[in-house]
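Should a chain be cited, it is by its letter among A, B, C and D, assigned in written order, with residues numbered from 1 in that chain.
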Amino acid sequence: MIAVYLILLIPLVGMVALAWRGGDVSAERINIRCNGLALAASVWLAADVLWNGPRLSAGQLLYIDSYNVYLIVLTAFVGLTTSIFSGPYMSHEREIGRLTPRRLKLYHTMYQGFMLAMYLVLTTNNMGVMWVAMEGATLATVLLVSLYRTPESVEAAWKYFILCGVGIAQALFGTVLLYFAAEQHLGVGGDALLWTVLHEHSAQLEPAILGLAFVFLLVGYGTKIGLVPLHNWLPDAHSEGPTPMSAILSGLLLNDALYAVVRCKILVDGSLGNHLAGHLMMGFGLLSFLVASLFLHRQTDIKRLFSYSSIEHMGLMTYAFGVGSPWATFAALFHMTTHSLTKSAIFVTVGHAAQLAGTQRMDRIRGLILTQPTIGWGLLVGTVAIAGFPPFGVFASEFLVLVATMHDYPWLTPLLLLGVGLAFAGLFRHIQPMVYGDVPEGQKPIAANLWPVMLHLALVLWLGLSIPAFLGNWFSQATQLISGALPQ
Amino acid sequence: MDWIMAILEDLLFIAAAPLLAGWIKRVKCRLQNRKPPSLLQPYRDLLKLYRKQPILPHPASWIFRAAPYVVFAATVAAAGFVPLVAVDLPTARIADVIVLVGFFALARTFLVLAGMDIGTAFGGMGSSREMTIASLAEPAMLMAVFTLAMSAHTTNLSQAMNYVLDTGLVLRPSFVFALGGLMLVAIAETGRIPVDNPATHLELTMIHEAMILEYSGRWLALIEWASQIKLMLYGVLIANIFFPWGIARDFSPEALGLGVGMIVLKLGLLAILLVLSEAVFAKMRIFRVQEYLSFAYLLSVLGLLSHIILEAARVHH
Amino acid sequence: MSITDLDLYSQAILLLAGLIALTSFLMLGQSRLVRLVFIFAVQGALLAGATAMAAGVLDYPHLYISAGLSLLLKGIIIPLLLHRLIHRMGLHREMDTIDHPARLMMGGTALVVFSYYVSLPIVQHSTLVTLNAIAVSLAVVLLGMLLMISRRQAVAHVVGFMSIENGLFFAAVVSTYGMPMVVELGVAFDVLVAAVVFGVFFFQIRASIDSLNVDRLSKLSEAEQ
Amino acid sequence: MSLFLAYLAVLAALLSAVVATIDGRSSWVDGLFGRVLARWPRQLERTRHSLAAEDYSARHRRLLFALLGGSGVAALLAGTGALASGSPLVDTLPFGLPWLSWHTRLDPLSGFFFCVLGLPLIAVSLFGPGYVREFEHGKHSLAGLGLFTGLFVAGMELVLLADDALSFMIAWELMSVASYFLVAFQHEHAANRRAAFLYLLMAVVGAIAIILAYGVLAGFGRGLTFDALRGASLSPLWASIAFVLALTGFGMKAGLVPLHAWLPEAHPVAPSHISALMSGVMLKIAVYGFIRFSFDLLDRILWQWGVLVLVVGSASAVLGILYALQQQNLKRLLAYSSVENIGIVFTALGLSLIFLSNGDTVLGTLGLVGALLHCLNHALFKSLLFLGAGAILHQTHEQNLENMGGLIHRMPKLANVFLVGTLSIAALPPLNGFVSEWLIFQTALQAGSIQSGVLRSLIPTASAVLALTSALAATCFVKVYGVAFLGLPRSGHIAHAKEVGQRGMLAGPALLAALCVLIGILPAPVINVMAGLTRQLTGADLGNISALGWLWLTPVAPEVASYAPALVVIGSVAVGWLCYYLLYRRTGLEPRRAEPWDCGFGGLTARMQYTSGAFSMPIRRIFQPAFEVQETLEESREGPAGTRVTALRYRFQVLDRAWLALYEPVGRGVVRLARWVGRLQTGNIRTYLGYSFFTLIFLLWVIS
């Protein structure tokens, strides 16, 4: 169990180190090294959990089971590759004078702070601590959104802070109700909020209270996931904040919020018995999937475009978890992995493309492939992957969601496919003119290492073609935990 | 043995074609109170052309020189498929009426290509109009053929004739309409008066002539001969499919004699009918031909519908 | 379980709950920022009192610590912070006109009725005497959100946010024997950091649009283009 | 054994893709060789010399296309093996999901389509190296072209091998995505980009319809493999829904009329050897998909389906050729003619469905054989014509028919090969186009045996439409050959065109032309080979197809219809040679060259010739309602009050009705919906809080 403490300790140490020397050039190396160590620890933990089952830490504060262990590895991996990308990106930003060393220090410290909050959310067993960690993640990223101090970024940060604050407050009210329901049966004492305990006794918990608690939790954490009626902060935060932050925000924060909601769904399903929680999530998921794919058509800013694509994919995952059958849950877990890999790779190429063209407005970015083939092809292949074309993993997971829906709710499939079609049209309408065409005058290639992108896309391609055995049974165990049966 | 008979019949077919043209010319002159030329005039024309030195226009390619031979070969082959005097001949079995239409199309295609090869306005114009008329005429012709095939359950000409002979004189509305449709199409395909004037040399009005404007000498002879064979072929088609009586069903000398006699009689009558229609009608504007051919198509469709509704209703399998 | 057969302490807690709901209503109708912060401070104090009273009734010692903590935090530090900010920003004289107060008040009452209707199933099952105050805490949360929706001043938004936190804290105290200590500390810490960050933001917003009127913050819009 | 060959074909295609990317990194290759051979300096010099830039790329190109050729040969062998054996070979690959790995299956149907894929691929691999040389120095790297060609071919082969819904969809969309990149290869022109986007959008919409179709089947079956889908028993309503979805999905990709508008945009824009593959082979893969779904997977066949396919097929045929007639761009014309030929194939399939639903399997099999033979023929002559167009483009950089003319004198060998292609696509007797259309006509003719009067009258009218189509096709391609190759050159650079330099660029089309003539003259062996296939699909085969011997074609019975192409050809060639011998040898009169007749006023110029627009003007006037014609006449006037007209400029453009009726309204609708949804993001934080508040209230109300 040392690995779990290590995972939490490394970002803490990283925060302190970066708070002290975050400003100068060595900061990037420290950041990369911290994330590298965290990845090593998480892989060690994963191997440990894989062989001898779920681990409960002393004092029952931290709990690792098959569901959150692969998310930890994913978080560490995406954190590492994004930090590799953020090195040259941030130094370029400093050269063109958009950032002062002091703000870079804030950026690096908050980067590690955000990673710490993510690990805490994933590893903690106590629902209250999970809420605190989620709030911590919000606080860490809010200052990053307004890093560039432009009026738009301040506005985006303010909205992000207020909306997420209100959302998180609702989640707290849900947690209080959860604790209240637990206290009825488990008596006073610290362990009434522990997920493991709640999971065992979920049958005896009071259904009415849990239903109410789930509504608050769903609306609360739903704001963090970016489900449609509550999504308004996400496009602003993504388009105004620095690109590495958008990458990790998109890749990790949304996943963890969904992780929290699914944890609550398991409890509520245990006690309610009917599919109320599932239907609520399906409704939210489908609504955000369709509305977000419509939003894609009229975007002008490239990062806003991909933030709506994130909303759309998160909607699909929420819908899949809502369906609840073993196939749908397996598909949702698989989609979580492929989506965060692909989306962070895309944000890396988008960052470089914006730097190359000097603007984020899509109608002024032209001729990427001819100026710098790596960026151009990276963006194009990334968009093909996220739009759900086969050789890549996103298609496999979307196909599975379709098959699961066809099995349980056949009349919903045309809606889903309509959404996929609209999303593809929306994305490609903007990407294609940017990538193709002649080089506008005065556009010179920039220094950019696109190894993270190549790595991510190769992984997604590999997942698309054939899911490796160990990952396969990882997902199956997690599906067993969530939906109660193995996908046959 | 019947292969030799088939080749003989084909040779007879080729030889008789200019005779029919001569006979048509004679009847036309008689109607116009002119002294008609002799029946053998077409043969003399062909011999004259055969001996003249052909002129080859500058931009012409090998297609210009090859086209007459291909047209003539295709038309002669087509003539082989249609039973003239006797019915069950092997040449009739190697192809059916759709292949016949296909060979007409092959001949027409090479003629059109030759027309466009010289690179003058007239060749292009003739080719364009020829293809337009052909593409409107073909559906009408095939509908007429289908009407025949639906009732005779075959597309093989000799089988169809046997069927009509076996069932004797039966007044079939579908056959009447099909006959009408086929006649109208025949006039359009062979370029007779209402659609195209074979005798004219006014560049802007001719269709068939425009394509062979540049030909001379032996090439012109071949093409003229081929068009005469085609005219006779259509005549024989109309005559033998709808009025096959008298055609030889075995190879005894008297049956063959009777067959030859009857076909000469029928073709003569058809020629008179053709000349009468040419005397009555005048050449139509090119865009009026569209209504003419759609009327032919309508006739064939009526023939088909009448077959299905009236005649075939009681047939139970 | 009508109020008459409750002992004196429980009746006191229910009275405080009523007063907290009253402060929420007052905040809803208050157009001056200074007075708004003062009412928020009163609400914090009342909340601390209720927590102390609950600690007494349920004789649960660690509630006293959280009561002291909330008094210190929500009663004194945050209101002071906001008060100094308003004066430094020069907003103390500014009148934040509320567009149609009557409709707002009716909305508020409807919200209270609705929150009671929603928390009805919970109240029936529990044995805790102070439970029926949970409807009040839900009402305070919803009124806090209504306050944020109806006001244009950024400071008013912060006060609304803090009153939602108060409502949540009150719900924790009333419905359970108080959250576990580690969660209490975490929540308190988060609220403090939130207040600091708000301060930072006020200066940034002032710098960018030189006013704290929230309606001016709508450049990132996709509606009209 | 043939399954192994099929895998070999796929691997060869993937290998050519990988080899293509290596060229892109030639510096990387040098570095690699440098490090590896550092220890043997002598070898280092030799390899460094052999990797000299110039002939390295030539050798690399040839290797690239040799691999594609290898893949074609392997595909052909696998196909013939599967057809001959007649029994399906099944296998599973380690890819795919843990519980649904990729199933592959090579049965006679996919074997036949492997042959349809193999032949044009071999021709393209011969044609490729010469044609692609001009791309080397262009701005677009050859690596991209090679990579995506390899993926495209591999995708098509995998579609034929797929035996479960997942691997079918993966292969299907791999094929679409790879061909999208190829269509967008020369992406500096805006039209290419628009065409590429439209192409991929239509591919997605088609794929959605296909997934839904498989979904409906999977809903009633047990799993996703084709065997499970075959086991699914559906009610007539659900079966019809699945069928219509499959028809929409595969029809979209094949280019049936209402959904065809992307095809004439995308195919001409890709490099010519790729458009040959796309038009010749990819459309057949869509036909394969449709046949696999409707004949193999669905357990019943209704006559309404046959009527629907018949109507859509004949509409595609006649509209396709009508639009083809009006095109000026050669490759766009060929693309539209692909729509026509696919229409003919679907007409034949419609006939087959009607007869099968009516119970007489022999006629159903005849219709199916007609359709499959036309698929093979179209793959051959369409690839031949596209490669020809590519050769013209390569030599003269000209695609517009209005500027061409007199190419027969400048490129005689290409002209002869193109002539064979033109005659076979115009369905003229001695060649293969005629054989398949003859079979389809024979199928239509047997309509007499059907009971319902409506069908008995519908089928002949459909065959009349087919006759009109084949006549118009003859007109269209005579126009193409006449305008492009014959007459006087209409522009300067065409006048200076030279014959195709590389042997390969002539060998490819020549191979296809030879095949066209061979199948035209000896169709019986090809039809007999299909017996195994039809037995598997419809349970019957054409027993007496060669009742009168292998030279003959007697589809139903000898007395019903018989056609011996070989004898007919021998007869007419004999007559032709006889005339040539008699008339030319005997007289010995050499023709005299002279000026053509110019009515006396002299000075015939190239501009006096009939252009392609003029040639098709009568058809355009007659079939006026089918087109959306925009004719503009600009007069530039001078002199006092503009009385003197100095120049007249007449331009006419034929727009596709499907584009105006279907594509644009859908596009406008989506944008309007997106603008309506956009109003959600007002930018004001108080409205956002309002959204969150009301969602909470709504949910609470729902809960209690």
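The rule is short, and it goes like this: a residue touches a chain if its C-beta (ideal position, glycine included) is under 8 Å from a C-beta of that chain, and two chains touch if they have at least 3 such contacts.
Small disclaimer: the values here were computed from a predicted structure and weren't measured.
Visitor: Tell me which chain's centre, taken as the mean of its C-alpha atoms, is farthest from subunit A.
Guide: Here the answer is chain B, farthest from subunit A.
Visitor: Looking at mean CA positions, which chain is nearest the middle of everything shown?
Guide: Taking the mean of all protein C-alpha atoms as reference, the closest chain is D.
Visitor: Out of every possible chain pairing, which has the most C-beta contacts?
Guide: B-D
Visitor: Just curious, how far off is subunit B from subunit A if you go by their C-alpha centres, in Å?
Guide: Here the centre of subunit B sits 79 Å away from the centre of subunit A.
Visitor: Would you kindly tell me how far, in whole Å, the mean C-alpha position of subunit C lies from that of subunit B?
Guide: That gives a centre separation of 101 Å.
Visitor: With chain centres taken as the means of their Cα atoms, state the distance from subunit B to subunit D in Å.
Guide: About 37 Å, centre to centre.
Visitor: Can you work out the whole-Å distance between the CA centroids of subunit A and subunit C?
Guide: Their C-alpha centroids are separated by 31 Å.
Visitor: Give the residues of subunit D touching no fewer than two other chains, as numbers and ranges.
Guide: 678, 681, 685, 689, 692, 696, 700, 703
Visitor: Listing for subunit A: what residues touch at least two other chains?
Guide: 158-159, 162, 166, 170, 212, 235, 295, 298
Visitor: If we use the touch criterion from the header, which chain pairs count as touching?
Guide: Final set of chain pairs in contact is A-C, A-D, B-D, C-D.
Visitor: Which part of subunit C faces subunit A closely enough to touch in the complex?
Guide: By the definition above, subunit C touches subunit A via 60, 118-119, 121-122, 125-126, 134, 138, 141, 145, 148, 154, 157, 161, 164-165, 167-168, 171-172, 175-177, 179-183, 186-187, 189-190, 193-194, 197-198, 200-201, 204-205, 207-209, 217-220, 222, 225.
Visitor: Can you list the subunit A residues touching subunit D in their complex?
Guide: Listed in rising order, the residues of subunit A that touch subunit D are 158-159, 162-163, 166-167, 170, 211-212, 215-216, 218-219, 223, 229-230, 232-233, 235, 276, 280, 291, 294-298, 369-370, 373, 384, 387, 389-391, 395-396, 399-400, 402-403, 406-407, 410, 413-414, 417-418, 420-422, 424-426, 428-429, 432-433, 436-438, 464-467, 469, 472-473, 476, 487-488.
Visitor: List the residues on subunit C that touch subunit D in their complex, please.
Guide: On the subunit C side, the touching residues are 114, 117-118, 120-121, 142, 145-146, 148-150, 152, 157, 214-215, 217-223, 225.
Visitor: Can you tell me which positions in subunit D touch subunit A when the two form their complex?
Guide: 94-99, 101, 139, 141, 166, 169-174, 176-177, 184, 187-188, 190, 193, 196-197, 200-201, 204-205, 208, 211-212, 215-216, 218-219, 224, 670-671, 673-675, 677-678, 680-681, 685, 688-689, 691-692, 694-696, 699-700, 703
Visitor: Spell out the residues on subunit A that touch subunit C in their complex, using ranges where they run on.
Guide: Residues 126, 128-129, 131-132, 135-136, 139, 142-143, 146, 149-152, 154-159, 161-162, 165-166, 169-170, 172-173, 176-177, 179-180, 183-184, 188, 190, 192-193, 206, 208-209, 212, 235-236, 239-240, 295, 298-300 of subunit A touch subunit C in their complex.
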